[in-house]
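Sending over a structure as structure tokens; questions will come in a sec.
A, B, C and D label the chains in the order they appear, each numbered from 1.
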């Protein structure tokens, strides 16, 4: 039984570059690998899987509402790599889990954990429920040197909580942030340290 | 800024023993630590935090619908440990995240990832969205030697998908399972290997 | 093929408690598990495997210079757990790796990474070379809230770099420390922050 | 205090690509990062840091026997990335640890764990002793679908244990392998499964 992997990371954590590197390694070893991406993500042209670093490759399959992998796809296959997996449907993720489990083909899904309101995407949720291995691809906060865990939406350079949670083609308006910098900018609060000094004498209940 | 940790594991993965070990280490170093548990979990008496291995300790605070930690609790505090964190409300988890972030107190939450229908608990969901670090506490499947990732409900020794997702005091009826053994028992299917041999010539679409 | 695991942690990180928890889980599932410990470690009586939290159990086998596991030991065995693995010989670790690989029995070794002079133990070195999985069991520094990565030797309450690297029965004289607190105490240096302010204008070459 | 990271992986695990991705992320955020590599590694021209996937960048500093980073290097620096860190001297790794600890600059070292005889390199050894975080960059075995943990040397397509442990410019003669495939090819043994069947009745002592 092969495993279903979820490798999650914030915006700009080089998830796609990791996927392309994995694809490269498989192929260098003479192994057959399929690259999938959701139809939804057509920022770079339908089939393009493109890393911000410049590296790119074409996906083998675009996943639409009715896509199912067939024995033709799975025959002699050594691995499946999925880009932008947060946009997959729960049903397709169950399909991938079944392939890993019953056909002994490792499936590695790369994607965001949460949207800019810190809510799981539908695909991320099902992956966090079903994955055999959950790994983080780390990156640093846009504003400090701590690890980024959230994705902040910027409209005209200011943090925003408005709009739909899927809005592609506007990648430049999302930045990775740690919990403090996210809170500071989204809630318009002062930095936690200055707050702490100020509020030391007040009830937590009041400040929360 | 301290971190919010989610250490998840299947039934029987010694999550509570890990919590008690962490509490012991803190106290051995002369550090102050708070142990919390949801009011809901009253299997062993209201305050008892009890590992299946026999070790136990009293929780300092039972978390009810209106519980909020105050400055009295947080003053000179070095850590917060939470048992059965899957049963917390999203609101209380946001409260914990704020404490880690703004009061620089590490918060370590131990809990199940999913219920016996492979769905996230409300508490696990919010933790998977907000945690700075997500770690797995590993254990083995009840039926084979692979890693357990799911929790299976047994009624009269048989896998079941019926009933509410929170049912305490009946701990003996949940067992840890890997994806294959879960599938075999819950769906009543044959083992993946024999299936594979049989179905090699059929369309995946048909078999899934 | 099963795996060889090395779960390393500093003094007081509850390694032994983790081992006892794993043994408990195996046995609760009706699985057969062997607990091994090096003969060398006779602090608690020859066979005793004892956690600082109070929990204890007898080891099944004491590993001496000529110990080899036989088919009698390995027959119907589901797992091998090793306490204080840093004291094993490289040869015995190769023996364990072979058992995991050729007999499909997972071997989980718990031990320290380095001695009080930040040098690998002979057993830890071979484990770090051969292990399929290397996991950290985390704990906090004795002096601050950061993660402990080193073990500091205390003689009359003061950090020391003298003496043999194996000295058992004197457990109270070792404490876990982060890199800063270790450096401060072992080298007698000021805290890195004050140093930094002072030396900001000097060449690093001179200060290192 | 920032951390010293060791991200180890077998040949072909895209360590360099990970480094280049990290450098890209830092610079995209307007942060200053230094890329270092040992002088020793001059396969692609002295300064070139080149991934097998095609991506490449120039290193900022070549580390020779007397290299020390100065305040000029460290001023306003947000991160240090080191390629082929297994070839560093223990002294230089202590230098890097000091920079992370005292100058609050994260240092991320990428490198091999062991040579083709499964022995730690001098640089890997010191990193495994001092690193605050040890992470694995995973890749698959050249011969099967399991995780690669060793590096096998091939001479005329056959596994070899001869020669110096540093031999650059001949990259094509090293391949990643799991423990079983390494053993099978290096020791010329049969696969563990067939061995097991044959030897079931013999003493392990005799077969090991």
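Operating definition for what follows: a residue touches a chain if its C-beta (ideal position, glycine included) is under 8 Å from a C-beta of that chain, and two chains touch if they have at least 3 such contacts.
Predicted model only: the values in this text are computed from it and were never measured.
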item	value
Label of the chain whose CA centroid is most distant from the centroid of chain A	C
Centre-to-centre distance between chain D and chain B (centres being mean Cα positions), rounded to whole Å	35
Centroid spacing, where centroids are CA-atom means, of chain B and chain C in whole angstrom	27
Rounded Å distance between chain C and chain D, as computed from the means of their C-alpha atoms	24
Per-residue overlap in chain B, given as positions that touch at least 2 other chains	104
Touch-based graph of the chains, sorted into line, ring, star, complete or other	ring
Touching pairs - complete list by chain label	A-B, A-D, B-C, C-D
Interface residues, chain D side, partner chain C - complex	1, 4, 68-71, 74, 95, 97-104, 113-114, 118-120, 125, 128-132, 134, 136, 146-147, 149, 178-180, 183, 192, 195-196, 200-205, 208
Chain D residues within the chain A interface of the complex	2, 12-14, 17-18, 20-22, 24-26, 28-29, 31, 51-55, 78-79, 104, 106, 139-140, 142, 145
